[in-house]
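The two complexes that follow have chain A in common; it is paired with chain B in the first and with chain C in the second.
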Partner chain A sequence: MKISRKLLLPLISLCALIASLIIGAIIILINGDNPLVAYGALIEGSFNGMPNLAGTLSSATPLLFTGLGVAVAFKSGMANIGAEGQLYMGAIAAALVGVYLPWPGISLIPAALLAAFAAGGLYGLIPAALKIKTDTNEVVTTLMLNYVATLLTSYLVNYPFKAPGAPLGMTEDIQKAARLPLLYSGSRFNIGFILAIAACVLVALMFRYTTMGYEMRMLGQNSVYSKYIGIDVSARMLQGMFLGGGLAGVGGATLVLGIQYRFVQNISPGYGFDGLTIALMAGFSAIGVIPMAILFGALRSGGLSMELATSVPSELSKVVQAIIILFMAAQVSLALYFTEFMTRLRHRREKKQATGGA
Partner chain B sequence: MSFSQISFLQTLFGPEVFAAALRVMIPLLLAALGGLLTKQAGIENIGLEGLMLIGCFSGFVVNYYTSNWIAGLIGGAVFTTLAALLFGVFVISLRAHEIVAGVAVNMLGLGVTTYLLRAIFGVKGSFTDPRIRGIPTLELGFLENVPVVGVIFSRQSIMVWIGLALVIAIHFLLYHARFGYYIRAAGENPQALSTSGISLPRTRYITVLIHGVLCGLGGAYLSTGYLTQYVENMSAGRGFIAMAAIAFGGAKPMRVFFSAILFAFVESLSNRLQLVEVPSYFALMIPYVVTVIVLAVTSWREKQKSKTSTL
Partner chain C sequence: MRNIEYAVEMTDVCKNYGLVQANKDINLKVVKGEIHAIVGENGAGKTTLTNILYGMITPSSGSVAINGQPVRIPSPKAAIALGIGMVHQHFKLVPNFTVAENICLGHEPIKSLRRVDKKRMLEHTREISERYGLVVEPEKRVRDLSVGLLQRVEILKALSRGAEILILDEPTAVLTPLECRDLFKVLRGMSGQGKTVLLITHKLKEVMEVSHHITVLRRGITMGTLETSDTDERRLAGLMMGKEADFVPLEKKPRREDKTAFLIRGLQVRDNFNIVKLKGISLEVMAGEILTVAGVEGNGQTELVEALMGFARIEAGQVLVDGEDIARRNARGRRERCSFIPEDRMKTGLNLDGSVHDNLIAGRQRSPEIKRGPFFDYRKSSRLAEDLVRKFNIKTAGLDIEVSSLSGGNQQKIVVAREMSFGNKVLVVAQPSRGVDIGATNFIHEQLTAARNAGCAILLISTDLDEVYALSDRIQVLFDGEIVGSFTPDSLSQQEIGLYMTGVNRCSATPEDAARPTAAPNKDSGGCEAAHEDIP
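For the complex of A and B:
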């Protein structure tokens, strides 16, 4: 039996998922709970009924943006670990526009989203420019800039823009007109989700059908070759990071305009880092980001239901996630080992048949 | 200068601040020493944070069950080394993307420790118990009356001295021992290492294990020495500051040591600044900003150098 390489990678991904679930089940068993009950509660809490589904999709919204942002950056050759920081810059920009901009109501949401895109994008340009001008490794700089962004925004909402009388660092509430319209009342599931899906589709189309998208993809695959065939490497890298950072920034805006209605210090529980995982698991495909972000949204919102129904803490989903990531990161060589194993098996069988026939 | 200004400066730069900085430095330093070894061997691990957290928790748990600080340190080192081995298997044998595997290690560390804190002790947030035996301080009576030096060194944790000794040991290992030569070759020219008959995977595995021990010791010091309490996500970004120290120090033990001191000093300074009500956010930013700037400058210099050498 020969399995084509195209089919093998998704197969390995599926195996990774199943293996992680089994490891999770063993931990739950050791914890003294029934894995089936726990997983049942997880699935029910994230997908059963409109309120739960709305919870999952509203958690997935910022993840779609950060996942897409990371995917775009990686695809154009920038290992962007800085989505978290770009998200913070976008979130604070959206909040400041939402609170202070004295424009008529209808223009507030577009203005806040644009400001968030610009802020996240510009913040993403810093490591890109450093890489182009000085060859500085973007992995370390994007990682470091995350902390600069969280500290800077914390300063802003604790000092110059602090809401009077607030117990911890936060801005005042944004204007009513700046809130993203809800898609399901009684939840925070909002129009941001539709924007996110649209963004994924648009980015996928851009990569497939435009020159810019094609050149970015080439650059991500082989930067030396790209230079030889006349691609303006610097420009494409900057564009990729601006777009990627901007998308992560819009993810931050959906937290402010759609969930919290203000900027609170440390607003993101690691959505940027989850975005990295999502992008990776999606193989940096813009469309692939959609199911992965929804899966992670489900883990986030269903984890709480699991915690309520059993004594299994929601942190367990983090452990399962980590194991999935490890397997995904190793999938290419796992696939290689698997094919080697299969060929060796086939050789042995052929040998056996040969000797048996003699 | 008025009296209040002088006392303000004393709070900022008095010997007590240096003494505190040494204690703050130790976890950073140990993790950074571990990380610089793998970096020299050609593996960039951004999972230092997660490894430290595992050391922090497992050291605490072993200390709790044995009421013995040495056992706690060893326990922290052993469990962290196991986690580092997992990282090693995926990165070295399975050729997983090292950055991605590092992210997974961080996530694993946070998830496992938070989960086990609840599973073992039934609490959320933080936990402490009289059974925990803190890592003792080394009382150097003869230094007590020496000005400045006495305040800084006469009552430091044993781990501070171990940490300082390890800087020298790692420096010696890298530059004066055969295995250190292999480590550096594994990073600079892996083909040459393999051609000369030394196993590249084996060299990298041993390096990853040593780095696990160092991260584990750093973590265990945090929960059983620096404090005698475990707090959820206790490493709190120290692993990333350690990465900054490695980058800032060019992955050389002595320079990394000085960067760790500098960053620790900034941290204890920012604790002091909070006392005098100055926004400390900018002080806390310093390690990250400085690292970005220094990295940019050194990379730019190297770029210039390679340009002139090719001409």
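For the complex of A and C:
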């Protein structure tokens, strides 16, 4: 059996998923529960019926944006670990616009989304500029800037923009007109999801069909070569980080405009870091981000149902996520091991046939 | 025949990397005390074979016997214990250590309190150096040694660990002709003392000169072992490539016009460590001429190409294409006037993860030929790529195939095809046949000659003297960042040019003069009579 490299990656991702579910099952067993019941509740709680599905997809919305943001940056050669920080900057920008901008209703949502995109994008430019000017490793700078963003936004909503009388750091509620329209009443499933899918498709088309996309792709694959064939490497790096940061920022905006309706300190339970895993599992493909983000959304929203049905804590679904990350990190060696195993199998079969025929 | 003692015996050895079979049923018998050459084109499986012997990789199946004993070699440590020593193509020495320290690294003589016994270390080094006639200075620092001496240290290092079987991977790739001769003398001496030498190479001339037996590899399969006295280069080349090699001589037409197309004036460049690597060199290439910068690697060639491409900062000097200084242009601007075939095709010349199509159209992504607004016109770009694949006979299963899955020769053809397709009148070509099989090398040489005949000015940078002599109209030797000699290929033998490459001889002519093909002869400079002959 011959497996092309294009097919191999999703296959390995699937194997990683199955393997981590098996390990999760063992942990559930040790916990004294039936893993089938627990997983049944997990699947039911995330996909069965419109309310559950809506919950999954609304959890998936910010993940789609952060996953895509990371994928875009990585594809243009920037190892962006800073989606979390970019998300926070986007979220606070969207909240400030949503609370204070005195514009007519219809323009509020686009204005807030644009502000979030710009804030996340500009925040992403900092590590890119540092890399170009001083050759600083972007992994370190993006990671560190996450803390800066989380703490800075915490300060902003605890002091200058704190809602009067609020028990913890948060802004005032955004204006009604700034709320993202719901797609299913009784949930927080909103048009942010459609925007996210559209963004994935647009980004995929850009990489495939435009000159800029081609140059960003080449840069991500080989930066020395890109310089040699005459690509303006610095400009493409900045572009990749602006776009990637901006998308993560819009992810933050969907939290504010679609879920919380205000900015609350520590608004993201790690959506930016999940985005990194999602992008990795998708092989940094913009389209591949879609199923992976929905899967992670399901793990998040189904985890609660699992907790209700059994005594398995919802933290366990996070353990499963962590195991997936481990397996994904090992995916390259796994791929090699897998192909080696297949050839050995084939050899044995061939040998058997040869000896059998003789 | 039973009583012949084999130092190395490999039977049906296979190695798979995933779905790729690097080696398939390798059968190799090396008689004790002989010099046994293993030849094959790049990618024929030579490296895999040696890595199996040295314990770097374990074979998927088959058996290996050393001195008649079946063995498993799980690590280089085990290989050393079995008396196998390896001299890698890229030396693995500590530059800041002395020769003696490098040779004894890992098995230093120890005196009380676990201190290294420096005196015994020096004695040991002197002793093995004398025993094998490999003269070195034990107290000299390795970073100050020439490439030939570095190799000597590597050989001594292996011998001092008790190697009875010595594997040398492409040992002559970095040596000048004279150094090669010395090396062969040493190898013969070692063979005389009962050591077995395995010589991995693709240079048939050397193999014929020094070896007793030759094993030919092709596509991971042993094509057979021949007695050297029984065969010739032609037959070996045939076995290596699967057909009789035909060496069509390159047809060079006389130059049509006397016009300087490419002029480098006083080029000075420093490397990353702020050391001056090019000391104000000047070169002049006429339209319809191939000017070669020859020399031993590391004398400024890399810096020259990088400076021309815009990768290294030019400290002083000009790079004039048709009178216009391109040194001030950025990488894209330079490409409009001048094409580059860089020496490192894996890193610079190609995007290995990209498709054949993406690599072939690179550099054109912003040209209206394949663009419509911000979008790619895939119909046009595919047609362009297809044309190049056909014209340059690139063997690929399709335009979507990743370049990394092609052979070295076909990869290099992609670089050559792309760079020549721009129709620039100036070409800078660095090491175009490095790591490329004979067939593709011939093809590339033909293409370069054709471009020359069509009036291109080609600056060739090469360390391969066979290539230098086959292609050049004029040769200039680069040594230690300076041009030390200027010749025509028929005026000087490869042996003689070796003296310039190692800095033994040099012209006293100023760089400005040496660059001028028509400069007045300078009778005083000893070895330079040849420098100013008229170009044919």
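Here is the rule we go by: the second predicted complex is superposed on the first by the 331 of 358 C-alpha atoms of A that agree within 3 Å, B and C clash if a C-alpha of one lies under 4 Å from a C-alpha of the other, contacts with A are read in each partner's own complex, and residues count from 1 in each chain.
As a working rule, a contact is a pair of C-beta atoms (placed from the backbone, for glycine too) under 8 Å apart; a residue touches a chain by one contact, two chains touch by 3 or more.
Here the structure is a predicted model, which means the values were calculated and not measured.
**Q** By the touch definition at the top of the document, which applies to A:I323: first (chain B), second (chain C), both, or neither?
**A** first
**Q** Once the structures are superposed on A, label A:N31 by its partner contacts, choosing first (chain B), second (chain C), both or neither.
**A** Touch status of A:N31: first partner only.
**Q** Between chain B and chain C, which makes contact with more of the residues in chain A?
**A** Tallying touched residues of chain A, the top partner is B.
**Q** Taking the superposition as given, does A:Y228 touch the first partner, chain B, the second, chain C, both, or neither?
**A** Touch status of A:Y228: second partner only.
**Q** Considering only touches as defined above, state whether A:T211 meets chain B (first), chain C (second), both or neither.
**A** Touch status of A:T211: second partner only.
**Q** Can you check the complex and tell me which residues of chain B touch chain A?
**A** Those in contact with chain A are residues 44, 46, 86, 90, 94-97, 99-101, 103-108, 110-112, 114-115, 118-119, 237, 240, 243-244, 247, 279, 281-282, 284-285, 288-289, 291-292, 295-297, 299-300, 302-303.
**Q** Under the touch definition given earlier, write down the residues of chain A that touch chain B in their complex.
**A** 27, 31, 79, 81, 130, 133-137, 139-141, 143-145, 147-148, 151-152, 154-155, 158-159, 273, 276-277, 280, 313, 315-319, 321-323, 325-326, 328-330, 332-334
**Q** Where on chain A is chain C touching in the complex?
**A** Residue positions touching the partner: 2, 5, 209-212, 214-215, 217-218, 221-222, 224-232, 336, 339-340, 342-344, 347.
**Q** Spell out the part of chain C that touches chain A in their complex, as residue ranges.
**A** Going by the criterion above, the answer is residues 16-19, 60-61, 309, 311, 330-335, 340, 342, 347-354, 358, 362-363, 365-366, 371, 374-376, 378, 402.
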